[in-house]
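Data first, discussion second: the structure below is written as structure tokens.
To keep things simple, chains are lettered A, B, C and D as they appear, and every chain counts its residues starting from 1.
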Amino acid sequence: MGKLTFGAGIWAFGQFVDRYAGDGYGPTRSSQQMIEDAARVPGLKHLDINVPFDIPERTATEIKKMLDDNGLICRATTPHIYMREYAKGSFTNPDAKLRSKTKDRVREAISAAKILGATYVKFWPGQDGFDFPLQADYMQIWDYTIDGIRDLANENPDIQFAIEYKCKEPRVHMTLATATKTLLAISEMKVNNVGIVMDFGHSLMAQETPAESLLLIHRHGKLVSAELNDNWRGWDDDLPVASVHLFETIEYMLALRSINWTDPILLDQFPFREIL
Amino acid sequence: MGKLTFGAGIWAFGQFVDRYAGDGYGPTRSSQQMIEDAARVPGLKHLDINVPFDIPERTATEIKKMLDDNGLICRATTPHIYMREYAKGSFTNPDAKLRSKTKDRVREAISAAKILGATYVKFWPGQDGFDFPLQADYMQIWDYTIDGIRDLANENPDIQFAIEYKCKEPRVHMTLATATKTLLAISEMKVNNVGIVMDFGHSLMAQETPAESLLLIHRHGKLVSAELNDNWRGWDDDLPVASVHLFETIEYMLALRSINWTDPILLDQFPFREIL
Amino acid sequence: MGKLTFGAGIWAFGQFVDRYAGDGYGPTRSSQQMIEDAARVPGLKHLDINVPFDIPERTATEIKKMLDDNGLICRATTPHIYMREYAKGSFTNPDAKLRSKTKDRVREAISAAKILGATYVKFWPGQDGFDFPLQADYMQIWDYTIDGIRDLANENPDIQFAIEYKCKEPRVHMTLATATKTLLAISEMKVNNVGIVMDFGHSLMAQETPAESLLLIHRHGKLVSAELNDNWRGWDDDLPVASVHLFETIEYMLALRSINWTDPILLDQFPFREIL
Amino acid sequence: MGKLTFGAGIWAFGQFVDRYAGDGYGPTRSSQQMIEDAARVPGLKHLDINVPFDIPERTATEIKKMLDDNGLICRATTPHIYMREYAKGSFTNPDAKLRSKTKDRVREAISAAKILGATYVKFWPGQDGFDFPLQADYMQIWDYTIDGIRDLANENPDIQFAIEYKCKEPRVHMTLATATKTLLAISEMKVNNVGIVMDFGHSLMAQETPAESLLLIHRHGKLVSAELNDNWRGWDDDLPVASVHLFETIEYMLALRSINWTDPILLDQFPFREIL
């Protein structure tokens, strides 16, 4: 196995908020500050970067320069399709205008990805799903999900897309919840440029065995990225790697080795209290 | 929607045991007793019957006569591939002789199905999986599962098979754990005569939304049977229908109606304390 | 049983934020707006009010006037001891200055409670606990919790205090996690003016049977308030009452009737998507 | 800390059964065989022994001789109050005759304990609780539990009793479910000779932090015994020690050291598949 390389979501260097500490765990932070902090972490070279950026007028070209100046590489861009506007869904929003706007938002992230040299554009449809029984038309939501992502994939055949599955939060139940459910959705799309971002913690939450899910995704040729963190299986706590599940983490790393994984491993951690 | 028809696993009329009450919740019961009791339940017409039967010398022809005498219909046969001998797995047993014996056991259930007029032969590989981290070769287990079931499906093209997925018990983690993981396995088999028995309670245990899973299985043409019961989402308690999850049960019945389901709905309940 | 009366947390009428939708689910809202909105809900008369209020210069006297003008009653005050400053704990913060400051913050809520005519002052130590194994000195945290609350109870013998237990969020594991753990803590305090706010959803999260916990708390004379909402047992989703757990809600209401509960029942719901 | 000493439940050397493998995981075994097997385990000296024994005519005196011959010590006796007869409860059975018979069964275990030299008599009321909402009168069950155990404690002031709490299995919901709920029940009994058997795995199932629960039980002077095993937090899998939760096990052992625990630590493992 080659030397492991690492990256992180740029948000790990931003301000954390939750529904109680509305004042945030620490001050707001600019792209410049986040990138400089990322560059200070030994061994960390790759960033997954949200689009839009910290302020409306920020351009991808400016971000590219910040990355270059700090010796960092853009691994992926992630469009913000889970903020206030998309509270009732992005690809599956009941409002056709918002479903359409979701695609525009993704197109921005594609443009940014090209400028930043990102390897893939990530979908994380965190608001797409439902809250309680008898609320949703599951097959309508499923169709909207398939259709929205397929359209973008067909429209951008040179772009690699990747879905990060997660079973809940912020939506109470998310549709693209597990590894095999996401593989099923991708198989229905009948496109070749949509794969999976496999987050260790999301797999734990979904009652999966992360190493097994990784191998199944790889077996079907859909593994685009692997992310590490930890939690208590009930929520996406985004704790430090192996702070809770040592054996499962070892098993996951052995699975990565067994498939000769050499791409960067991204840390998706939320150090709410460690930064203080 | 046509009139609903109902059935049950024959075991619902047998003796219940658990790991503490080794003396069983009630006395042992013969096939004759179980079938007669089943016939006394108003509206219940169909039985899923385990093979082998209650005593080694019992023949399918005898069982067929008991069913006829009592106005009952055999809906399915379920081979016992999860008893003592298969404690380390059936299709995935590390011992090739036991993997082979598993197939012989299934062939007995196929023969019985033909005599009994069963609609399908059910696989419930309850011992196939693993117990703790770093114990299992997940892709080896996956391959054994695919290969074993595919071989039987190819060997018996006129038989409809159906996998009943479940995420745990008796094995601590079962391989065919969820609806979409089972759909993935079936797609790898590349056969047309393997579908899914969708148990409402197993879906709850797997953190699924049962109505959504039912519709996804149906969408892929793999719904062979639907079973009802209830539990608390942490274990296969096999409680009476709607005793805990009323809304989810209503939603599930509405999903069955939406696909014009007219086949029998099987009750897989274990009334441990109700029979006393 | 007398006629049921209802109240809510004032936050139900405020802006909701989560760690993704940093822009909030809807705009920020003033105390005036929240109180006016609360007054528009048929049958809702009582409010649990956070201290400090919406803006630093807001006084309790101003809030009292707003309540009076809108025909509302302050049921309780809840000090903000779980914001950024208390990210590592309030009563149990490792920094003695912050433990002391926590008490000052509570004293503000006591002063406000007197002006507003609140029935009780609520403790919700949402940051007190730990994140991962081997991180915490459990008995030190337990002692700090007991000591901090006991000191305030002894210092203010004419004030009724109440602890709202919850097993997690925002802290990954909260110390005052369950009904009986909180009863144990209160028994160690050896004071008479500390009871419990029993939130239906927090009880579900804690793997409790809410009706049973309510009756146990009442049996020990510590039931100060009852709150209603719903969730999926894995997280504090704060969904509409009975949207998921109908039977458990009925059972809880029957338990309230059995103890002749006539005080207001507070709705602690977070309608993230319903307000849009 | 003194040298650690170890014991086990005698059932770890018996035949395992579950609700599917009615033929058992291995053959039935006599007391003689179980005791001889226990004696072969290096470092294992203490046994928790079920009463009645393997066959009706077996006497405690015979068991005592088997133990002596094999260099083993009886640590505890555990009456069988969770078999078929007690399917609807032992101390809380709705039938007064069975509640009374439960006490007789415990008295047998007390007599055996005296002959065997056991340190304590264990209560594990595995059938006492309920199955689904709206089924149970929680305070009636609570009263029966308190009354039954208090009566026995008062009747036998020279005997140390200990309750092993567990949240489920075999009953779908058990009443003495958690450490603090059991401490509360004991405090209501107002006797000095009832404590707690603290099983690591039962604590995991109950969403507790085992080290914290151990320290809380000890803090209240009620720690009678500590048992080790492991599981996946959803069920009492009784897996080998530290096979899943390494950090939590280390933390638990450190907690035992911190209170200078020198009594035997019992292994409550069910090696279903390891014995084959």
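Please note the rule applied: a residue touches a chain if its C-beta (ideal position, glycine included) is under 8 Å from a C-beta of that chain, and two chains touch if they have at least 3 such contacts.
Keep in mind that this is a model prediction, so the values were computed, not measured.
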item: Of B-D and A-D, pair with higher C-beta contact tally; value: B-D
item: Proportion of interface numbers common to chain A and chain B (over half same, under half different); value: same
item: Rounded Å distance between chain B and chain D, as computed from the means of their C-alpha atoms; value: 34
item: Distance from chain D to chain A - Cα centre to Cα centre, in angstrom; value: 46
item: Centre-to-centre distance between chain B and chain A (centres being mean Cα positions), rounded to whole Å; value: 37
item: Chain D, residues touching no fewer than two other chains; value: 132-133, 173, 244, 247
item: Residue ranges of chain A in contact with chain D within the complex; value: 233, 244, 246-247
item: Touch list for chain B against partner chain D, complex; value: 15-26, 82-84, 87-88, 126, 131-133, 168-170, 172-173, 230, 232, 234-235, 237, 239-240, 243-244, 270, 272-273, 276
item: Chain D to chain C touching residues, read off their complex; value: 130, 132-134, 138-139, 142, 167, 173, 177-178, 180-181, 183-184, 187, 206-207, 209, 211-212, 215-216, 219-220, 247-248, 250-251
